[in-house]
């Protein structure tokens, strides 16, 4: 799937040798990856491997210190997350990018409020927004009590669902999800995985970051493994087994022993 | 094994996890309605201690006039605070804009409308500069605008001396501005006809010569109410309003969601400066003069009013209508004391105590009603 | 029937000069058997002051006492009071516009001529280069004191802006003296806030007696320095009278319709070495 | 294991009919559970079921609106988290309770700094603290670059590891973990599960909240399931299978369908 | 399949993910060292523009005396700011404590040591009351202490009039306090012998009569340096210091980790009030009098100094030593201008510009050195 397709249509996102320094800390030291339309790329790696940093460069939050970044074959340099949004890249950040004091509805539509009316009286139809929010949240399996409730009073998982529902609702070309399922219950997790599948079917590219190899294997087409700021390699689903992937992710650490002790159920 | 009660929640709108709340409770949950409670407390206090003339029509107008001037600043300051920034230079901006306006009229002999436009444009530009410095350098706005507090105050002094040839007071503005519609938009009183009619029919008090004691509503009050209404609408109903809350609540998250935080903040700084310029124009036209001390410490009064009105100093929460009531409370306390028999030496003690009581009461009511712990 | 008189001035209650005026007002009310309210804006704020006058007019007092540092800003409010039939007496500043605004008379003397008198006196004492220590630049009445002083002094005058903090005043005066050794005269615009720290600064520079230090208003410690010959003089506007007399005048006007025929000048009165000692105690009590 | 043991020694923590309201929101409407020494109790439930709220009442962060709370058989009423800590209850909060601007070391020892020297000169030996921190973090599989680095610059998973290492280090009688593994990589997750096992062996009680039934099944002795603020029941490991537990957690929602679609790999 | 380079990191202390940084860079990363850069800038400016006498020994002492009084307040304000709160009442507290101290000495004829203890205790109590109100009501400290700004200022006026029988200045304090060790601890200059010796040996300037031009270091400077050292030690090396950072960084997280946040904050408020009382005692003993306007606006100067020194207004970050340099910068700018030839009307313009330049430069240097973006 990898090479033959990418020759015909350029990948919707491609990065080559991306480098990112924070002061003296080297978070990414030359990472390359790409994702095409209708494909789910799973980004795997140990804690601190640089996954979040990589997707932050893709979504315009941080500017890379070096390397190339192409969207649909054309080099781009996003100066703000707005640019990425305008280019059709929607992101669920690991820290969710929500304002605790604001209501669910206002957070859901933040930055992309639908307006109506003529200029001097142009306003946002918050009633309509609330309906959309309630509906989208219901789709993901959360019945919110009141869309005007402050996001700060939601549980960790509920908050994550708001972020995911928002990204899916506004996603255009690429959907990036940074550990979306980490705080989710069983039902919500299945729902999110189903979403990813749906989004892929619609022809969007998806970048899915997770630590759960089973989740990754359930929806992913290709897997890119990061370690200490470097790419360890990219694998087609057909090329690698769940166990191999797990070992690779953990960087060969003393994983076997423990998972054996605990009955191999990780 | 314990018995399992498998109660699966349905997706209907009524949720068993919500207690019923009354309409009143719902209303009281709005940030500004605590300020109303504070207002009631303060009014009650004065009703018990002050001269009756305080609550006459003219008494109310004498309180509203200063409250409205403060209020225009307070609403702008509240918007800026919700957007997560401060502007300590608005007091100095009142003086500086007053100088520009006065000098344009007298020294340069410009007509009123040009003078107003020049003043507004210059104020907006200065505000935007403030904002840009804050954004580019990521220094706290407190320190940047504090520098402008000094700079603008100093420039006003220098400018006044230059404009007047050595004095710190620029007078004679009333003479150069003729009467006209534009002037009446910014000074004097509105609804004069209505009040004359009311007086003629004995509905309001009048002097022996038949002139009503209150000839109308000061225009600053009209501006105040209009601005409060407009700001409330913008905050609650428009996209820009949502961006203001977002920019103040968490600028990083807002930026990550595509809100143009820098543009919002710069706009708010310009807006605040324009509010200061408006107050300057109103007071200069009303007084016919300006001096180097105009607007002194108004920045703090504006912030106080906004905070009494329920704005969070850390940004992201508050309301324009709260600042509206906050300004009225502040005006009421500071003018109201002159209607009481307390010795003026105690003025500050009372001012402080009333402020504290008003916010405490406001807070107490809000917590009681909303059941926060 | 209770006679109520309201005084609205531009001086804050904690200003040493105006606290003496207020003491005069209270003493006058006690002696004349009337009740009195004394009000002032929290800062030198003409807009707020005009609003205070409006509020006072609204209470229909038997008499109104006002200071007029800005006739443009305060004029309309005062005229409103006069139109409402309230007898008005102006004090301290505004002697030039008092009559035209409809006030009965003016008690006091404006800051400019007091400053001019001081300047002339110091010039006479041989001063050539002076600093004018201003603790509240932009306060028109203080600015006028400085302006009057420099007009009367006719030599080189530099304004030294300082704050209300004695350590700050002392440091700045000391700095001014060491950066310009030609300075031979220091004019302070308030005795306790600017005058006393200026004396300390002169002492620090080892120039006590060599540099002439004068001040507006009185304070006990400054007067002691005058008596000891360390300071030149203090200008007394006898502001106690600016408070006391109008109350008594207005009380008599309300009771009997009696009023003096013209303005009453309350000062200036230069307190020099000879007179200083006897004034110290009164000053400590807030009467002078 | 459940009943016979709890007769002899009282459970370290027992709550009965705990109720918690936030204004008009009912977060807990009568929850009962207990945990004994040497036991791992897993608290399971959908998003917003009230798990975090429950453990916040246990650790003194919020005061319950009603119900009984016994520690070692004696009723207690914690007024602050300090009380809970002093009673030997260490907690990893879902939002981690760390100060982003402070260094890793200072966060690690926050509230429990070891002091030395006589009173007027009593001070904290931060050098020793840094060593302990580095060591404890290494044990959990994270090599921190510099213990004086601000916590705010750590990756999500690294931060979670600090919080866990801290709680384990200071745990005395009971260790409460609110979704500790959610942001962790494979290696770190195994490490945490191993930790839980060790801590249990030492005779501490452990309350372990997770959405991952496999993780729960790997280390738990008993499972309490919450749903919409109520207890759905408590089960011994021998009484219930992994699939039953998963169904119960999801509250019977349309889980089967999806997990089938995705190949049953959730 | 791409080749796998399996590089497993070893747990050694050197990490390939860290670039090497020099010692200087490491030093410059401390919050206060930006303030040093600002100080250097300001000194350079005055070196080029001011009269040489500014940099003489007596010139330096002249600047240090007011800077040290401000600095004592600024360090306390910095600690409180790091702890996440403000105290706007410290300026008024200086006046109020001065009144209490003066009245205890003169009206009640208490000996010096009792007066000092009374003043300190009362200040600490008032500070604690401030803190308790903030904590119990969860109102912002800005608004609570602002109320106390007015209340204490008003009480000072009333108290002074009562103590003096009508004046706003309480004097004669110098006469009732004899000379003694305790007095010398709080007023006058230290190291007199050293300076006499230096003068005698011609190492420092002296007057014609042989008295050295500078007779010693003002005690306030000694206090200032001692307090800065102590505060730095407490912040960086003690448990309480860690709690201050934690309480300001995120009070909820701190509380959840067992930090007694309320106790810490109350203590900081009391400490700040005590710093104000100390400044009051020093200035009252130095001047021999106190008046109703002491300490006016010192709260803002203290906050400015703390912010110049790198404290975050939102709490949780900053240093005492930064506030130390911040106070010196502020003192230098405000006194330094009198040594230059600039027209004094421009004073405020310069003050503002210099403040802005100092913080901008400070910020610029810090970002350059640490590579933050």
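We just call them A, B, C, D and E in the order they show up, numbering each chain from 1.
Methods note: a residue touches a chain if its C-beta (ideal position, glycine included) is under 8 Å from a C-beta of that chain, and two chains touch if they have at least 3 such contacts.
The chain list, named the UniProt way, goes like this: A, D = Simple sugar transport system ATP-binding protein; B, E = Xylose transport system permease protein XylH.
Treat the numbers as computed from the prediction; the structure is a model and nothing was measured.
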Chain whose mean Cα position lies farthest from chain A: C
Inter-chain pair with the most contacting C-beta pairs: A-D
Chain located farthest away, centre of chain D as origin (C-alpha): C
Length of the line joining the C-alpha centres of chain B and chain D, rounded to whole Å: 48
Length of the line joining the C-alpha centres of chain A and chain B, rounded to whole Å: 43
Distance from the mean Cα position of chain E to that of chain C, given in whole angstrom: 34
Numbers and ranges of chain A residues touching at least 2 other chains: 22, 25, 95, 145, 251, 253
Two or more partner chains touched - positions in chain C: 13, 137
Per-residue overlap in chain B, given as positions that touch at least 2 other chains: 9, 17-18, 153, 157, 312, 345, 347-348
Touching residues on chain D, where the partner in the complex is chain A: 22, 25, 45-49, 52, 94-95, 141-142, 145, 149, 153-158, 160-161, 179, 182-191, 193-194, 197, 211-215, 217-219, 246, 249-251, 253-255, 258-259, 261-263, 265-266
Chain C-facing residues of chain B, complex: 51, 53-54, 56, 58-59, 62-63, 65-66, 69, 153, 157, 166-169, 171-174, 207-208, 283, 286-289, 291-294, 296-297, 334-335, 338-339, 341, 343-345, 347-348
Chain E residues touching chain D - in the complex, by the definition given at the top: 9, 11, 15, 17-18, 233, 237-239, 241-243, 245-246, 249-250, 252-260, 312, 316-317
Residues of chain D that touch chain E when the two form their complex: 59, 61, 80-82, 85, 91, 93, 95-102, 106, 109-113, 115, 122-124, 126, 138, 143, 145-146
Touching residues (chain side chain E, partner chain B) in the complex: 133, 137-140, 142-144, 146-155, 157-158, 161, 300, 303-304, 307-308, 312-314, 345-353, 355-356, 359-360, 363
